[in-house]
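Two complexes follow with subunit A in common, the first pairing it with subunit B and the second with subunit C.
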Partner chain A sequence: MQKLGDFKLPHFFNYPPYFTLQPIRDTREKQVQLWKELIIDYCKTQKVFVIGPEEEFPLFSNPVIERSLSHDAREVFLSALVQEGRAEWVDKGHKKCLILWLRIQDWADCILRFVKDNGFEDGVLTVEEIRSGIDSRGTELHGMDRTILMKALKLLEHKGKATIFKGTSADDEGVKFSA
Partner chain B sequence: MAGRYLPAAQLTGSGRPVLHPNEIESSLLQSVDVECEENPNFPHLKSGLLILTTHRLLWLPPESPPNSNSSSAAAAAAAIPLAAVTHVFPPKKSVKHMFASPRVRLQVSASRDGVIGERGGEGAGARSLVITLVLRGSKSGGGGDPDGFFGRLWEAWRGRAWEGEGRVRVRRIAMPVVGISGLLRREQEIWESTDKTLQDAFLDLNALMSKAKEMVVLAEKMRQKLLSGLANQANAVKDEEMGSKQEMQDWMLSVGIASPVTKESAGALYHQQLSRQLADFVKLPLEKSGGMIALIDIYCLFNRARGTELISPEDLLQACALWEKFDVPVMHRKFDSGVMVIQNKSHSDEEVFERIKALVLKPDALKIGISPSDAAMTLGIAPAMAKEHLLTAESKGLLCRDVSPEGFRFYINLFKEIDVNNIHL
Partner chain C sequence: MRRRPGIGGLQTAAAARVWSSSSSSSPFPISSQSAQILILGFPLQDQYRLVGENVAKIRTDLMKEQLATFRSQLEDFARKHKNDIRKNPTFRAQFHEMCAKVGVDPLASNKGFWAELLGIGDFYYELGVQIVDICLATRSHNGGLINLQELCTLLCQRRKAARESVSEDDCLRAINKLKVLGSGFEVISVGKKKLVRSVPTELNKDHNEILELAQANGYVTVDEIERRFLWSSGRAVDALETLLEVSAIPSSFLPITAVPRILLKWFYFYLTMQEGLAMIDDGHKDGRRRYWFPCVSFSASVAAERP
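And now, the complex of A and B:
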């Protein structure tokens, strides 16, 4: 079994047609599906939040069979994830793509659980504390992408469960959670 | 039926006349009646296709619409041997005849009970009959005006092409052949006469045209010789020699439309007749190439067989398009990629797919896939054709592609086998 670090690659990763965008509709649908699952699976286990179609990404080439995805193919597979709500383009030029192996709503639920577990209701936390503080160590929140975290916090604010305070710099934005 | 009084004319599967050796078509006319007033029992031959050759006048029954079963009721194709014709009368020119269909009358010799044939006029009680050809369609039809037709008929009749054949066949080299020097001398003579024929042929185009018939005869002779040679010493001949003979034979086979349909001879009937001739011609190449052949290959083969009477690609396309209207066993097909082929109607894609499937499931092919040339070798067809088959198999979901710097390869489609919910299975 081929591996990328500690990530187990599926057998079809060595199947050369997997790396060529298939022109026949039914075949392509299945191919896109398999790519979506593999990308999400990999990002989730490896905690990857952002993929750039133009940048190196371990899944997009297979040195064993000397194949790599064309730019068009990368864009097709990422766009398919975006369409399903499991990814978002950061910019209009499609240079960066946020991979949401948890949906924003799920991230928001994670934050609420973290707040409850640690008794931070009615308390104030900085955004950086949530991402990299001692308390979040060992949870899914630790090391998460700032853009995604902000989106989740804004969702909570929208629902009236949190208030975001602007600090003097981006580093010290604060959040107050309400019970 | 015509068979009683006129010799029957044989037709090919696609409705072209079967010509005798050395017989060449010279003119075709549509909507022609053949009548014989002196014989009340003479068959009704109404508005058929009249073909003038160097040897015969052929009358083909009018086209019955496809899928109708009225063929049994229609009159059969008939022939008037020009050998039986004793005189030809030109179409009359008078005010009275200006409004009627032009008529050409022939005097033919027949037996006592009115049977017309090459030997019909021999023996006791022979008599003479007048046959009238009513050229109903000659104003709009092919082959030109009635006068032009008459001229060609006159030419063919006076040419007496049927008389020369007997003599050609019995002619021999008279020199006695003695010993090795005799054999060598004979070889030399044959070589010289062949060389002269070739030189004469290429002197100028007109000469080539008149030599065309001889060239075909020569090619035919060489082929016969090769065939008999193969039969006699099949065991003794070395492989290499066999190969070259095989090659020679293939060349000979491809020379051989002695009477190509031309615009000049067929006029407005040109494409229709060309289409039928083409349908007869493609049978052999189709058989050799496994039931499907590229249109471009047929274009080359067909033109080579026609010799000097080349056709344009446009003519070929039109001839193919007309097949839909005739009951012929071949069809024209255009692939999605634009490549055009000719194939047997019975040709089945399924059968080809089975063979491709067997090929891609071999252990090697599972690992590295197959290229169009791999498929071409296994299927015994041209690579361009093989690629079309592979692309069709891909569109059916049987194969999928791999495009890399190493080239374009096909693999068995495994995508549908993989479970999305358990990709590590």
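And now, the complex of A and C:
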């Protein structure tokens, strides 16, 4: 079986017609379903948070069978994920897409767990500390995308479980968690 | 001179008998002459009939006796080789062949002696359910056509726990039993391969020829078909369009109550089935559209492993 790094590619990835959008509804639905799963699986194991439909991405072409996804196909697959709430377009022009292999709600739960496990209730953390600090090492939060993290924090703020405020340095923000 | 009852007399008697029996409810006056003929004619007829019946009875008895002997021997045989029949697919196939030759169908009923003795009805019923399951699981990859060999391999994998291997012959028998579901299951020959069809589309000769051609590379192009079969391009495109769509609903359906409960899932799926047997591929650098046929090229055995 073909591999991308340590990622095991599914069999359909080697079957040329899966790289062409299928005209028949049910066949296409199946095709979209398989691609959605592949994209999510890949992003989750490889910690990929953002895909640009116009940029190079290992899943978008398969040199072994000399096929690559058309721009339309990429857009269709990513839009299908967006529709399910498992991805979000960053911009109106659809140049970048956030892949939410965990939904925002799930990320928010992760953060709360992290806060609880480390006794940060009523404490203050910077956004960068959550993403790349010593304490988050080994958790799902480590190395996560800043945009997604901010979305999760805003959700927590909305629920009254955190307060976001401007930090001392210009480009970092602080978060205060409430117990 | 009095006439003896000859052929004519007998005929009259027969006619009178028919007449009298057909109108026995209403008492008609019978002339004295015909009454006399009836009296004379009956015993003679009875004698003929008796002799005839006797011969027939002897023959039937003999036949019955022979059949009984044969049946008991076949039963003895089946009893003696019960384990072989169950465990050994080759032996089973030969046993079926033997039964077929003498007109016994061990699968005819689930309740009969054979089923009880061999548990063989259950065996094929179970096999049928598993075949339906496999066809269902692989359908999204192959569009509802699966290579018999592949089906058999998958079936063996699935039955590994039972440690009873099954042959293609068993598959064919089980599929044959599935025919009660209407026009759903069918085995078709394409070239040297046998394919099991679990979609409600009747494939015509054009489709079959295309499938056969596709076996070489897994795909065909319109050019290739036209060159090979000397068809007009309309004909090739027509056939390919059908293979892409395959959504015909069969004309005759059994009432839903006739479907065994365990197969209902499949049956509903069957009704809503729309996936094509072919997939298009426009990605080749020569720019020619390729029509791929997962049933002949994309390994469903691997596909089925994925949950």
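FYI, the second predicted complex is superposed on the first by the 175 of 179 C-alpha atoms of A that agree within 3 Å, B and C clash if a C-alpha of one lies under 4 Å from a C-alpha of the other, contacts with A are read in each partner's own complex, and residues count from 1 in each chain.
In this section, a residue touches a chain if its C-beta (ideal position, glycine included) is under 8 Å from a C-beta of that chain, and two chains touch if they have at least 3 such contacts.
Keep in mind the model is a prediction, meaning the values are calculated, not measured.
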Worksheet item: With both structures lined up on subunit A, is it a clash or a fit for subunit B and subunit C?
Response: clash
Practice prompt. Could you look at A:Y15 and tell me whether it touches subunit B, subunit C, both or neither (first, second, both, neither)?
Written response: both
Discussion item. Going by the contact rule set out at the top, does A:F165 touch subunit B (first), subunit C (second), both, or neither?
Written reply: neither
Worksheet item: Touching A:D26 in the superposition: subunit B (first), subunit C (second), both, neither?
Response: both
Item to complete: Examine A:R67 and indicate which partner it touches, taking first as subunit B and second as subunit C; both and neither are also allowed.
Response: both
Item to complete: Using the touch definition from the top, say if A:L38 reaches subunit B (first), subunit C (second), both or neither.
Response: first
Practice prompt. Superposing the two structures on chain A, identify the stretch of subunit B from 115-123, 277-285 or 385-393 that clashes with subunit C.
Written response: 385-393
Item to complete: Using the superposition on A, tell me which residues of subunit A are in contact with subunit B and, in the other complex, with subunit C.
Response: 10-12, 15-17, 19-20, 22-24, 26-27, 30-31, 66-67
Worksheet, complete the sentence: In the complex, subunit B touches subunit A at residues 369, 394-395, 397, 400-404, 409, 411, 413-416, 418, 420, 423-424
Worksheet item: Which residues, counting only subunit C, touch subunit A once they are in their complex?
Response: 140-141, 143, 219, 244-245, 273-276, 279-285, 290, 292, 294, 297-299, 302-303, 306
Worksheet entry | Touching residues (chain side subunit A, partner subunit C) in the complex | 10-12, 15-20, 22-27, 30-31, 66-68
Item to complete: Using the touch definition up top, name the residues of subunit A that touch subunit B in the complex.
Response: 8, 10-12, 15-17, 19-20, 22-24, 26-27, 30-31, 33-34, 37-38, 41, 66-67
